[in-house]
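Each of the next two complexes has chain A plus one more chain, namely chain B in the first and chain C in the second.
And then the complex of A and B:
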């Protein structure tokens, strides 16, 4: 290639010329999303998402699942609530717990309850945790380009009576786990869970069988996160799902 | 000249070399220059009948993580002058330390007590010189020949003198308490309690502030540092029995056994 000539050639010339041609006909033929007003609007201005923070931990056991979550919601440096429950019962054997934006969490949980009811009417049975896991994945991916700002853990007892936890991202990528942590304190909680419980990286895959030990650990993890994460605190909500149903209890933790 | 190399040595003061690098990074569009952290704090000061009370929380944050759960935010400038610092922790520490030395020299040269006005003016002059880039938001309090003084010095070089001040991310919560409960000519007891209440408002309602309350009471010829006068925030639950690190979780691929030979006269290392 002749370099001397190359520098004089405006490689964008074609593009510029094409852009400068303007007539009503052209504008109308442009795809809707390429119109100038529309693209500008999409870029700047209104941002509907806000992160209300908070941490939630879920641990699967041999015949139970434990969820430990804090109850604080915040915006910036302000506390909006000290007793918000981020865990919702879906069926007698399944709960969902989420971190992220409270408005979206609430909407998503309500939608799932409705979907569970529809399922019950249609099929005359309660959906299994496995079914709900797929349903939640599809629900989230359905909002691929305007997602629910919610990071979920679906926890329940599966058809074999074993505890199981399903972890999701905001747009519906999901996986079956044995424990999970979501929210603002997830980076602080994950290493303790990795050390104490059985996950992908361990050879001996036995789930914990003592509820009280797992409960103490879950409670301690939220307490420890509250020490170092400013968005976590106020109360710890413990939800235990086993074959007898769902138990909920709350304990105060540091409020500063 | 023989000592030409002296010209190549840094002269002291701040080093701005990285500014060139940061601009290059920003222009490249690939990398972002590092940003400084915004820190949260609640500090306050109140004038009372015969002195000044300063108070601060003890949480130091870096973003959303608590860096120090019990740090000291009340700095000593002179035997009769103290200062609460909010903003960038490093700036507050170094600027107060620098002014402390200047005041001490002045004290030794003049054989007289430092004035609060002078300390505040020095702080403000330094802050203004750097056009607000030095993140010091200070409340200076002390007692001198003119009586109890309370001055706020902000990073842009302003000085305000009022009977009560609050600064930091929790300043709104603390000021709410101040505005409702402050009155003139309070006793020492009342002033300390007001300051504690103001800082606690910051601790509980502002996420950037937390942990304990430090109070410093300065009166004529005397100061009292009440460190951790309130300490209500601590970890309420730990797993009984602690944690075990289970060995069988990790596969042993190969095992070596070596015999430890201790040579005569050597002491074996304590491995317990």
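And then the complex of A and C:
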């Protein structure tokens, strides 16, 4: 008799294979733009994920944090919306901005807003950015085997009044950054940010630290990405968080 | 091990993610006394825009031009072959080659290699035998003559617009505006079309190019 089939390990293995968990591994471990479109349904397997693309950039300053994001969402070569806001206010001192699948992004943002409210009721205070950073990490890892297809940047003013940015992958690995970029234009945006805010490849370093200069640089970066990335465009949305609160403004960019 | 096995082993799998494609909008329209060709300027590798001002209007002979959509390397090679055959035919005839011949050669190349090609092209121009002609050669190796032709990924977005707005015997100015708006609209909706508009006017006496930069696109 073939005993192997009667051990628990193998029974588990079979179930594991049948549920095609391997496709979720693909989602997490492949670069997200290689994720195939939702064409699997007819063959029997259903791929619940789709990438709606879009780019978002966040930059932490001395006493502010700035988010610059585009407002386009796409599915394949179709443009679904030209004025979608991928940035959500969580507290007066904190916003979250994401790229990836809009359905998951919206769900995640709503869940975080709810969690902030629960926190306020329980502890009679607003959560700090550090707390929210850990909370978001836990929330994402809680869905390790059916992840939110969202690539996040959590931005806010910390307890010392300094701007901070936290960057995440889809399953909750996170790190504190001084600037970050997520979404379809991340490969195009990262070297520009390195150049502008660390001074990589500079001969004479003059790093911007004033809000208005950083704002212009943020706009320029999204505009530059829109030139070369087919999924980024339409409008650039600027969100500035500082001690006075949150300001939002928009500007039109390439629409082709 | 047979030679076929060896070849299978040596030939690497083509990495389709880094192939430059003209995710294009191309259009050819007959007007009163000529043909106008239009194309957008975007060539992309998957999601990266490799060229914002690429030229998808390629000369075949003095009064015959083709427009390319599909994989750039495939279509430009096909155009080169067609150009070569048309040169030979022109020498044999001692006159301008027929547009139909160019389209037929193009069709034959695509048909006999259709398993390995991704190419959908338009061949149009003027000859002394049948006058102005537009041939659309699709990727399955079939060609069709018509008063206008449309191809590329952006084409799907403007079929209705063309059905509603195309008229026979437009003037050159009308036709130019028509093509400009067609391509601007396709660029607006199709994320793999954009950049600029290139136009080419073919008449019996001359061929003339025109260019519209992105800032001058008119959607409405």
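Keep this in mind: the second predicted complex is superposed on the first by the 200 of 256 C-alpha atoms of A that agree within 3 Å, B and C clash if a C-alpha of one lies under 4 Å from a C-alpha of the other, contacts with A are read in each partner's own complex, and residues count from 1 in each chain.
Assume a contact is a pair of C-beta atoms (placed from the backbone, for glycine too) under 8 Å apart; a residue touches a chain by one contact, two chains touch by 3 or more.
Predicted model only: the values in this text are computed from it and were never measured.
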Practice task
Put chain B and chain C onto chain A via the superposition and say whether they clash or fit.
Solution key: clash
Practice task
For A:162, select first, second, both or neither according to whether it touches chain B, chain C, the two together, or no partner.
Solution key: neither
Practice task
Mind telling me which of the two, chain B or chain C, contacts the most residues of chain A?
Solution key: B
Practice task
In the overlay, answer first, second, both or neither for which of chain B and chain C A:85 touches.
Solution key: neither
Exercise for the section: Mind sorting out which residues of chain A both chain B and chain C touch, each in its own complex? Expected result: 53, 74, 77-79, 184, 227-231, 254-256
Handout entry: Residue numbers on chain A that touch chain C, as the complex places them
Key = 33-34, 53, 74, 77-79, 184, 188, 227-231, 233, 254-256
Completion exercise
In the complex, the residues of chain C that touch chain A are 17, 23, 42, 44, 46-49, 52, 153, 187-195, 214, 217
Completion exercise
Counting only contacts in the complex, chain B reaches chain A at residues 40, 59, 61, 64-66, 69, 169, 203-211, 233-240, 243, 245, 248-251
Fill in the blank from the handout: Contacts from chain A onto chain B in the complex sit at residues 53, 74, 76-79, 184, 195-196, 198, 202-204, 216-217, 219-220, 223-224, 226-231, 236, 251-256
